[in-house]
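Inspection log for the structure reproduced underneath, given as structure tokens.
Per-chain numbering from 1; labels A, B, C, D and E assigned in written order.
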Amino acid sequence: MSPPVLSVNNLEVVYDDVVLVLRGLSLEVPDGAIVTLLGANGAGKTTLLRAITGLLMPHRGKITKGTIRLGEDDITGADPAVVVRHGIAQVMEGRRIFAEITVDENLRTGAYTRRGRAEVRESYARVMDLFPVLRNRRRSIAGYLSGGEQQMLAIGRALMASPELLLLDEPSLGLAPKLVEQVRDIIVEINGQGTSVLLVEQNAVMALSIAGFGYVVETGKVVQDGPAADLLADEDIREFYLGAAQHGQRRSLADVKSYRRKKRWSA
Amino acid sequence: MPKPHRNLVRDYAQDLRLFGSPMSKLGLVLMIAAFLVLPTVVQDDFWLSVLIYAGITAVGAIGLNLLTGYCGQISLGHAFFIGAGAYVTAKAGGDFGLPFPLWLLAAAAGGAVLGGLIGPFTLRLRGHYLAIVTLGLVFLGEHLWRNLDDFTGGNSGTSVDADVAIGPVNFADLSIFGESYSRNQGWFWLVWTLVGLVALLVKNLARTRPGRALQAVRDRDQAAEVIGVRAGRYKIGAFMTSSAIASTAGALFGSYQQFVSPDEWNLLLSIQYIAVIIVGGLGTVFGSVLGALFVGALPALIDRYSDVIPGVRTSVGDSGFISVFALNQAIFGLLIVLFLVLEPRGLAGIWLRIKTYFKTWPFSY
Amino acid sequence: ACGGAGDDEGGGGGQAGNPGTTTGFDGTTIKLGVLSPLSGPVAVIGQPLTSGNQVWFDALNARGGVAGKYKVELVQEDTQYRPEVAVQQYNKVKGDVVAFTQLLGTPSTLAVLPQLRADKMLAAPASLDALWVREENLLPVGAPYQVQAINAMDHYLTEGGGTKDAKICTMVQDDVYGEAGQAGIEFAAKSYGFTVANTQRFKSGTENYAGQIGALAGAGCQLVFLTATPTDAAKIWGTAAQARFAPRWYGQSPSYTSAFAKSAIAPYLQAYVTIVAEGTEWGDDSVPGMTEMVDRKNRFAPQQEPDYYFAFGYNQARAMTAVLEKAVELGDLSRDGILKASREIGTVSFDGLMGDYEYGSADTRNPPRSSTLFKVDPAKPFGLATLKYNFSSQAAQQYQFTKANL
Amino acid sequence: MTTSDPAPAPEAESETAPPILDVRDLTLRFGGVTALDGVSFAVGRGELFAVIGPNGAGKTSIFNCLNGVYRPQQGTITLDGGSLVGRAPAAIAAMGVARTFQNLGLFEHLTLVENLMLGRHHLMRTGFGTGMLWWGRAKREEVRHRAAVEEIVELLELEPYRRMPAGLLPYGVAKRAELGRALAMEPSLLLLDEPVAGMNLEETEDTARYLVEVRRELGLAMILVEHDMRLVMDLADRVLALDFGVAIATGKPSEIQNHPAVIEAYLGGAR
Amino acid sequence: MTTFLQNCFAGLALGSTYALVALGFVVIYKSTGVINFAQGGLLALGAYLGYTFSTNLAIAFGVAILLACASAALVGAGFERIVLRRMVGQPPFAVIMITIGLLFVLEPLITAIWGFDNLQVTNPWNIRTVEAGGIVFGVRDLWTIGLTAAVVVAFFLFFRYTSLGLAMRATAFDPEAALAQGISARRVYAVSWAIASALAALAGITMAAGPGGLTPSIGFIALAAFPAMILGGLDSPAGAVLGGIVIGLAEALTRGYQDQLFSWAGDNVSIIVPYLLMIVILLIRPYGLLGTKDVRRI
């Protein structure tokens, strides 16, 4: 069996020298798999992705313990440029497109580390096929796109890198229902072509429907993990992430009562 | 035994107090004590004048911080308004002989009017473009100061002969209970009282409706508009208030120095103010004061103790290779770089860190 | 009464007993302040000038000091030629000194003046503005800039081949120093009946003078009187040379420095430039003061290059010494005592290095009205050769001095 | 599915009460892009009106026109009888139109309470002068409005975050804070641009609950833009579906949900 | 007419220098989103390095120029290594202040090494001139114009054929997102600082080789180039060149016709004309002639 593309071992991350956000988190993305990461807001999912790509520095964050390995290579604390050249691409939280340049130019930045012109052109054509909306807006300044269009651009930009491992931080955010399905299909398709995927999603239904394996993170630690199918069947997961009430029938949101649910796996 | 719940807040008014916590109350008391006692301990004219200049800079910096730190409008034109204040004082306090409170107000009013004229530029220009336009103001100003002979004395400059008495209390020649104090001692008290006053006013402004509006405009002006803040109005208001405060600082500067000439209000002065608010910390009143002390006192310290540093040339013909001033500037530059690399939020940021350190002590996280 | 300048050995014994200790005088050493641009663009003047102060006092101290027993020590501070810095530095040292033997720069002097008045402090300005003459708290030396300008015009119209119908122009620094030169020329214009055809003002520190030179050339100027400091002057003359603009230039004394004689523009300067200043060329044996000064420089500051400003500083120190001698004689080195002494020193002679100065109370002082003209000559030590020594025009005698109206 | 309606919402199409908002024939173009193409709709008092449509359909653009951020090339917008077109955003806010933003419009460096206080900006009077002087009018006003803000803090359960800079708030909380700020404006029309995007299930349910409560207590009219169909279908009284700036359908949620054009353009298989 | 042409030539020569300096500003702005206040200091440093190579070490002037540009570029890149790399993603204000700090360090360093004296750079141009049609062309001015033109062409070709320009804009807009694309912010900073420093050095040497020699105040020219940069548009290299030439001409022409046309406005109007022109243009076009506007959408 080939080694996992990504293995995170006992990772600890501290912001601002005082805020401990990841507390010994470990996970693995096997080669060619889709792994999803679930967890409440503020659990540290984005922080984990930052740690992997080396983007903690601009946030005054630091890895204080643990290792991150990419295949055979240790990339703990490596420079982002180096990590990207290792074949990682990322859809960042909050889209982070370059608002002042055109859609085309944004896509070109995604292919910054790639050399072969023909292959880049191929990727470009594929992105255009996946998101026809972008084709019409190729020369528009990206900042004027609608929210969802920007999200498509962000995904498209990551695809331009044709990575070995794709990190997705809430790719479905702000997308129309039909597009969410498309994005799901895209992820599956990319994965089929050999790209491993680490998917962070609030839309757990979507995430678990395509992932092979899932982790649940709470306050910086993995509190549960298992094959996606097992998680889908888990009572707690069903209640807290999938919105299915015990008796199977979905509640109407208009009927949610004024009570607060505070149950957590860990305090 | 310490009383429990000493931090308990019982109503909103209490929650809004500036010096609410016991620590900050203690700090306030200490600052007031230092303010009262310092001039009687440090009688040396040099150190007093350094502190007086630092105080004047603090006043001006609070004004700039209001504009840049709170409202997000970068201005390189602060020197212009400082100069204007000094010239207004030469006229109002010197030639017309108005009493101290009146010429101070006149200077502030003059600054506000000029700010009101320039302010509308902020409606059209953003960021660096605005900064460079205000930089142009410095050059236009210098041209005006040179050519408006009647008002400014032209190239020869003008003496500023404004008295600093409030009723019977003359700060230039204080005597309290038969004890008489030097001009610098009196000025120290005067200037630092004004620092406190301006700091308080601006702090008040910052924590009420207009102050919040300014910060909203800084963070996102479009969103601010949508929730009902007339961004343009607040930008102009900030410009006017800031330049009024700048002119107040200029008024103090002029009357303390007693003589002003056109080339003092140059870009370097503007940059110095920018340095003060960035080193101090943007968007904090206390930071402006810290920054002014740092930027004002550090060169003086280096200057005073330069003779012990090897390689420094303190007099003509000795063997040093770098002059005191050059060394001063170099150290100053290095410290700024070092500082901001370590703490981009400036002195106020360091202050915050110290506070959180003690708050969370002994736990590092 | 011709007060000695403290130069004769063992001169001036104090009959009135020893002066008491006071600010800047601890009973043995007299401290004097020096506020000078030791860095910045005018440092090329401030440094030699301060060195001149120092060499004079070193020589004096070697002979025993003021009144043969009080050593003089200088407290130097760098003003960078910036008025506000000068004021701050003044505040820094005023508590340590009895007087200031150098306060360089017209703008700086004006800036410090209010404080001098309030503190009853005496300072010797290292600049030649006409305003200094009537100022109690200042101890000027030399013929003012205005007088230099007038003498220069006199020379141009009488021996320099100029006529009053010639296109006479000025190029002056846009500050008080420039105003002084301009005022002199305007006075001369009235006296001699010419008009100033064109005036160009420039801001000190400008890098490009093509426009001004173009304008002067366009106006057909035949003579240009220049009031500048060396940094700017070099660029101005360089630009003129490049533009092939070749009027007669007269330059105010502080516009020249020795580096020019070795530069690419030296031939141009040689051909067209006359410098109006005082005293004589460096190393001129025929002037007694010069021989002595060169000796002393060689002894106390061997590394110092020949320099006009050195001589200026040296002379300033001489005037200040006359005041100190007098004050010691009167038994009072306090600020009041110094001011009083400054009124009573009478005429001080500078041994031909500068015109004699009749001191006295400020409203009766009479400064020298004489100037010396130099031409540029790279072969000379300072690059200047005497063209016309120590002459005084009729018009210059007429010039009236008034008190600064600040 | 259920369409229970806890609020005594007036029948939207009722002939008697005139609508609070009437939008007619709205057209907005950017260069070659037509963001809105003759869109008309009306929102009744107390009605919760939803707007859905694919990405880039023009939903946010409608809000921007209502707010005065964009100026439509054509069309009229009438709020309570007064025209909105051509007015400055701040003036429109003062007329009672409040809004939350799709991409978070909080002021990052201000605390949550300050952000909420800003919502009350147009209800307050303190100017530069009185603000500086503090004691007296300014202080009284601050205290009074602070009390009002605290009610919202309580309603939205934001207590633990009062003093946190908005920029550091967890995403879900930030979205809630935006809602709070809009409510603090005491609006008569509330525009919600994707209020639950990026929220997890729990937070979505919370937000739904707040919206229901707000409706019940304040009875104000709302326009909801959202891609989370559960929220739209469960809460909205009526739905407008847009595609490429053109209104393709309006009706009750159940009608829209099964509308073929809407399914084709927007819903796909995920109904 | 000749006077006019003479003035135009002077303006063009001055404008070329402005263009070089402004181009340096633009390069750094494009990659870091800040105005580099140290540009004047780098210019002075380059000029003094040129002096050292050409006068002290007696290296042929053409080579000395290259050496000076190269060593200035090293200094710029070194600045990135020591300082800027730690500032990736930090607030722009802090970075602006750091450039001011750098200026404060450079100035005294230069005067400590080279002093305040007026230095003469050994060079073949100096005050030499050629005359044609009644107009005197300074050899130095001709070279300045020619070199500027060459550099500008090289500059545009470089950006045309490398992806660096795009990387710069991305980095300036959002350094973190740029990093995530594998764009090394450090390299971008280093390269842009190196280019800007080399441009500054070139401007410095061509100035220093002119009439009047070299003094530390040479760096002030950068202030005069602010209007040039902003008038063209902060992020537009073509704008920098255009702005430089417009400002140079405006300044030289007002200077030349000060007496005839502008005496009412006081002496030395030419000093403020660049700023006035800049203000007027910015009021009409708030992002300069060719600058791109901020993109804001809610």
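Everything that follows uses one rule, which is that a residue touches a chain if its C-beta (ideal position, glycine included) is under 8 Å from a C-beta of that chain, and two chains touch if they have at least 3 such contacts.
The structure displayed is predicted, hence computed values, not measured ones.
Note on connectivity: the fewest steps through touching chains from chain C to chain D is 2. Each of B-E and A-E has its own count of C-beta contacts, and the greater count is at B-E.
One simple way to say how far apart two chains are is to compare their mean CA positions; for chain B and chain C this gives 38 Å.
Rounded to a whole number, the gap between the C-alpha centres of chain D and chain E is 50 angstrom.
Centres computed as Cα averages put chain A at a distance of 29 Å from chain D. Those residues of chain A in touch with two or more other chains are numbered 144. Along chain B, residues 146, 220, 222-223, 226, 323, 325-326 each make contact with two or more other chains. Each of the following residues of chain D touches two or more other chains: 60, 69, 101-103, 105. Taken together, the chain A residues at the contact with chain E in this complex read 53-55, 57-59, 79-81, 83-85, 90, 92, 96-101, 105, 108-110, 112-113, 141-144, 157, 161. On the side of chain C, the complex with chain B involves touching residues 36, 38-40, 43, 47, 50-51, 54, 74, 76, 78, 80, 82-84, 87-88, 91-95, 107, 110-115, 118, 174-176, 178-179, 301, 303-304, 406.
If you check the complex, the residues on chain E that touch chain D are 298.
The part of chain D that touches chain B in the complex is made up of residues 67-69, 88-90, 93-94, 98-99, 101, 105-110, 114, 117-119, 121-122, 124-128, 130-134, 138-139, 141-143, 146-147, 150, 181-182, 185. For chain C in complex with chain E, the residues that touch the partner chain are 39-41, 43-44, 174, 198-203, 205-212, 214-215, 218-219, 230-231, 234-244, 257, 259-260, 262-265, 268.
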